[in-house]
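Each of the next two complexes has subunit A plus one other chain: subunit B in the first, subunit C in the second.
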Partner chain A sequence: MKERVKQAVPAVLVPLLAIVSAFVVGAFFLALAGYDVPAAGAAILEGTFGSRRAVSQMLMKATPLMLIGVGVAIAFKGASFNIGAEGQFFAGALGVTLLEGILRDRGLPSWLLIPLLLGAAVVFGGVCGAIPGYLKARRGASEVVTSVMISSIMVLLVGFLVNGPLQEPNKIYSESQEIVEAARLPRLQGNSNLHIGIIIAVAAAVLAYFVLEKTTYGFQIKMAGQNALAAEYAGVNPKFICVSTLAISGAISGLAGGIEVLGLTWKLYVSISPGYGYNAIAVALLAGLNPLAIIFSAMLFGGLNTGCNQMARTLGVPSSLSALLQALVLLFVVAYTVLQPQILQWLKRGKERC
Partner chain B sequence: MLELIGANLETILQSTIRLAAPFLLAAAGGLFSDLAGVSSIELEAILLMGAFAGFVGAFFSGSLLVGMLAAMAAGVAVCAIYSYLVVGIGARAALVATALVLFSTGFTSFFNRALFGVSTDVVSVVALSNLPVPVLSKLPLIGPVFFQQNPLVYLAFLLIAAQCFFFYRTMVGLEWRSIGENANASDTAGLPVRRYRHMAVPPHGGAGDGRCCGSGGGLSVHCLV
Partner chain C sequence: MSLEIKHISKRFGAVQANEDISFRLEDGEVLAILGENGAGKTTMMRMIYGLEAMDSGSIEVNGTPAAIESPKDAIRLGIGMVHQHFMLVNHFTVTQNMMLGLREHVTERLNLREQNRRIQKIFDDYGFSMDPNMRVGELPIGLQQRVEIMKALFKGAQLLVLDEPTAVLTPMEIEELFQIIRQLTAQGKSVIFISHKLDEVMEISDRVLVLRQGRVVGERATKETSKEELIRMMIGRALCPMEKDRPDSAMRRYPVLKVDKLCVKGERGKRICDISFEVYNHEILGVAGVDGNGQNELVEAITGLYRAESGHVYLNGEEVTNQPPRKVRAHRLSHIPEDRHARGLILSMDLTDNSILVSHGEPPFSRHGILKQRQAAAFTRGLIDSYQISTQSERTKAADLSGGNQQKVVVARELSLNPELLVAVKPTRGVDIGATEYIHQCILKERQKGKGVLLVSAELDEVMSLSDRIIVLFNGEMTGCVYADQVTQDELGAMMTGVSRDFSALSPAWEE
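Then we have the complex of A and B:
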């Protein structure tokens, strides 16, 4: 038992230290800007756990983070850095909106319509992910750059479409027409806000964990990620891994976009994502790319988001503090992951001295 | 045909050059580190912080020069973090860059609100004015287009010229490029790879930001975005 705890320490150390460091720096910035730090902290906690509504808000914010985080983790494990998840999210949302517009008047039942729409989201997102994958496999092009470029294209494309061809009939707001009743995701029992997206997200995380840890394909992904050359000698096709992991990553991010539209917003508009694609990278890294841990880190980030919104309402502190904190967490996770051996040694020496 | 959109060829070309200058300065700055083998994906972060620092500096001191220096200092600071993490301890450039970009977005948005509030009036700073080159600006079309711009535009083009000379005609430039092409071979040949790479990153910060300040008042909107 004690041995297991000892083994778990390094894995938890980096995320924990990163979170603490990020909050310390965040508190420093708050103080610098002249805000009351303890009050801000209290407001954040209240916004996260204070009421049933707060918790359901937190879960709603966590859903896309969890899904995209899982997708990103799969790609990262294969050493393909999918930074364009934001664009894939928008692509999925766009796919859902387009197909819904086509199928709107057919009067299809929910059990048929929703899977079809989510399928479109998966396809749109998957294509957006496969393109950088293909370019990397075939041409060695940096998937970081290509995925970011495609992400820009998708976001701007959505912006263009909701102002023009896809704009709602009254032509007042820059958003698409509200989706029909049958296309909306069902809500969970007894709670008016929570939709089944959270269940899909958790299921996806568990499924991803299973695939990564218990299937041959998952093992191949990990192999290719650690050492592509060795993997190739062992019979793995690294190009296939590259394209497929990025396609899967894109597909899951697209699914997240589709779920956001069908479950929460019911229409497409430009600000549908407060940077979910990029924050999901932080979520995935904080969880050490472990899909089960992503469930929790997504909830942490979701809580941070809703908590900071609450803080903005009650104290007037800008809610962009949450973006700042999330970025700081990412920065510290990246730094501490590289410095992990040194940190562990420093701690060991500290223990010996005691 | 241009009269249909009420435009004027000269004005269009002039604004094209003017709008190209920020891209040029940023790319030229990025070139310093790209040629040394350190990818410059975090340019976005540098530009954001530079724009913010430049604006804040100019706003609170009333002097554009202070603003520009503040912008360059901010750029160098971001680059120093990037260089420490990527060149110093070897973290993944893509991840560090993403983190820095997210950080800059959050930081500028947060402090913009904190310092200037959420009013709808655009806070502004007096921008750099045009500096026509004495004789050349009188030439028929290319005069106003190329030679009646603000100083930072001239700086951008001069910087490119300087870089062409530096990288292809000097010893240091040659060593710089060879480190970028093949770090191992350069190391074997005795070049101080790490030192060059550390050096490579900051100038790219400084150059990226000089431009931001020059764009003046519109910057506060840029920061909000």
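Then we have the complex of A and C:
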């Protein structure tokens, strides 16, 4: 137990350091632009935790990040770098929209329709993940390249469809027709748009943690991820692990896309994701690829987003500056993740000197 | 150059790595430093080279006290070091590598022609013919090591520290290395030779310093000592003699492994062809050969890690040719792989995870796909006890164990699977004497229990002392199959280089 606590300290310390550094640098820029830094900080806190509305807004933003983060983490654990989560998210959203178009006039009840639709999201996303996996296992093609390419295809495909075959009946807006009432995810609170997606996301994170830490399949993922030669030697098929983890990763990202459409937007359009698929990589890295920690890092990023928006509103800070602050956190997270070993050594040496 | 070490001590946390070590090194002398893994050899050398700060003690170079705080100081004083793992940039040429770290030209433009001339002169002085424009990555290991030595000399080394320099070399390359060492000492340069191979120490050194648990336990002139005495100093006792029983002639013998006309097309155009042999129960079949003559391809084809082009492999009479490793292992095959870091262990995982690497999918370590961590941990504690693996706990990472203990983990895991056939490839590579003795006894015990063992090793001593029969591989072909007690090293050597062939032992000895 003691050893576990010891291991957990750096896992918490380093991300914390990243966040603090980002805010320090961010504060510098805010001050440079002539804004009241303490007021800005207060606005960010206010926008994140200040009200029920703010909290539910934060959780809503955290939902897709959490799901995709979990998906990305599973692939990363198996040493597959799924950079194409954005496209898998779109694929899931597209799957939901297509199937809803087919089923919308059948009058199916919610308890049947919603699982069917989310199933389509999982399949669409899963296929988008499995293709790079197959190409890597079979042909040795780098999944970093192929997953991004497939991601672009999906985003552009959605862009085409919502301006063509899937465009709403009035042909005015570049978006699909609004989904039927029965297909919408139940709300958690009557007056806010927080939906049960957050519960699904938390459940997915817990399940992923269980699979990775407690099952033989999870053990095999870690084996293949940490030493593919040894995994092969011990009787695990690294190619199967590669394809299956990327497929699962894609499926979860697809599920996030489906949930976004059914729970929040109710229709498909190109700006449905402000880059969730990429930000989720930072979410997963900040959490050290631990699915349980991803629950919190996703909420942090969700809160950062809503908090910065609040700051932009109350202080009149230009949106580019609030985007800068968010980007800084991302940058520092990635930097600190890469430099983690050095930082730990540095901290340790400081301790020895004392 | 002479060097004097006075009362050096170094502690890492709870471990006293070096305690009150003193010794002297004279001009033109080769001092061998012997010791088991973890005896403190490397720590001491790192302090001499300025890579580690000492807690107490002092160093004198040529009679004057020297403060060595970094490798820069060490190089300035004329100390050169050739690490066990080379510090070369593979993409650079030999010349570029040798110029790395040259200090005097930081502000000047590099005079490449002048440097090339100096490098060529050093090469000539040592009779070292090589194109200095070759990329280092394309050179064989032996030559890469030569580049390291030349690099140290180029920087003006008068004292050369060689950290286990022979671990990666073939017998021929070792002989060439010794030539160079003799040449260096003839010029008055001194050499510290770190090793745990006794034969080499006896051959090349003038004096031997033996370390155990961080302390000097003895110092002898090489001429006045013996291997036996050195072993006693190193491990604190004499080695147990290896005993091999004669199998009962009434015992039923059957082939555990049958390899039939096996051909494998390996990587980089290497291939083995038409290999046929059998390993019987109660038998150790050795595979001798210079590294890279097809041993790897043979083992990987048998264990299912690599595809066979043609031919057949049978385990206990059932064909397993080209089946995936999991299915091959299901026929009760255990495999101690050549490289424990690449295949045998996952260094970033703890001992418990490494102990169930192969059998994690079976009870009692899992049920219905759920891992049983408690059973795994208990099982691992059992292995640690019965194989005397020295580790803090079963949750220690494999990377934190010494090489010998890492190897014991692999051996323990593979033997705990209770195999019918054990494939052991260089089972004592980079392992100290105590652990080597232990692993040899484990292998002999398998034979005693009536199992079959396929033992691949580059060390002839090991193959000859353990095996009942030996097959020889040369250039992907079998050039011999002989009884171990009826063959000499020279005869094996001739088969290993393709000079002669001898197939007198196609069946186990007792049948005659």
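Quick note on the criterion: the second predicted complex is superposed on the first by the 314 of 354 C-alpha atoms of A that agree within 3 Å, B and C clash if a C-alpha of one lies under 4 Å from a C-alpha of the other, contacts with A are read in each partner's own complex, and residues count from 1 in each chain.
Here is the rule we go by: a contact is a pair of C-beta atoms (placed from the backbone, for glycine too) under 8 Å apart; a residue touches a chain by one contact, two chains touch by 3 or more.
Quantities reported herein were computed from a predicted structural model and do not represent experimental measurements.
Contacts of A:33 after superposition: subunit B is touched, whereas subunit C is not reached.
Touching more residues of subunit A than its counterpart among subunit B and subunit C is B. Using the contact criterion defined above for the overlaid structures, shared-chain residue A:165 touches neither subunit B nor subunit C, since it reaches no partner.
Of the two partner chains placed by superposition, only subunit C is touched by A:234; subunit B is not. Using the contact criterion defined above for the overlaid structures, shared-chain residue A:320 touches subunit B, although it does not reach subunit C. Of the two partner chains placed around the shared chain by superposition, subunit C is the only one that A:222 touches, whereas subunit B remains out of contact.
Residue contacts after overlaying the shared chain place A:214 against subunit C, while subunit B stays out of touching range. In the superposed model, A:115 makes contact with neither subunit B nor subunit C.
Of the two partner chains, neither subunit B nor subunit C is touched by A:186. Put simply, subunit A uses no single residue to touch subunit B in one complex and subunit C in the other.
On the subunit C side of its complex with subunit A, the touching residues are 303, 305, 324-326, 329, 335, 337, 342-349, 353, 357-358, 360-361, 366, 369-371, 373, 393, 395.
On the subunit A side of its complex with subunit C, the touching residues are 3, 214-220, 222-223, 226-227, 229-237. Subunit B makes touch with subunit A in their complex at residues 39, 41, 85, 89-92, 94-96, 98-103, 105-107, 109-111, 113-115.
Those residues of subunit A that touch subunit B in the complex are listed here as 29, 33-35, 81, 83, 142, 144-145, 275, 278-279, 281-282, 285, 318, 320-328, 330-331, 334-335, 337-339.
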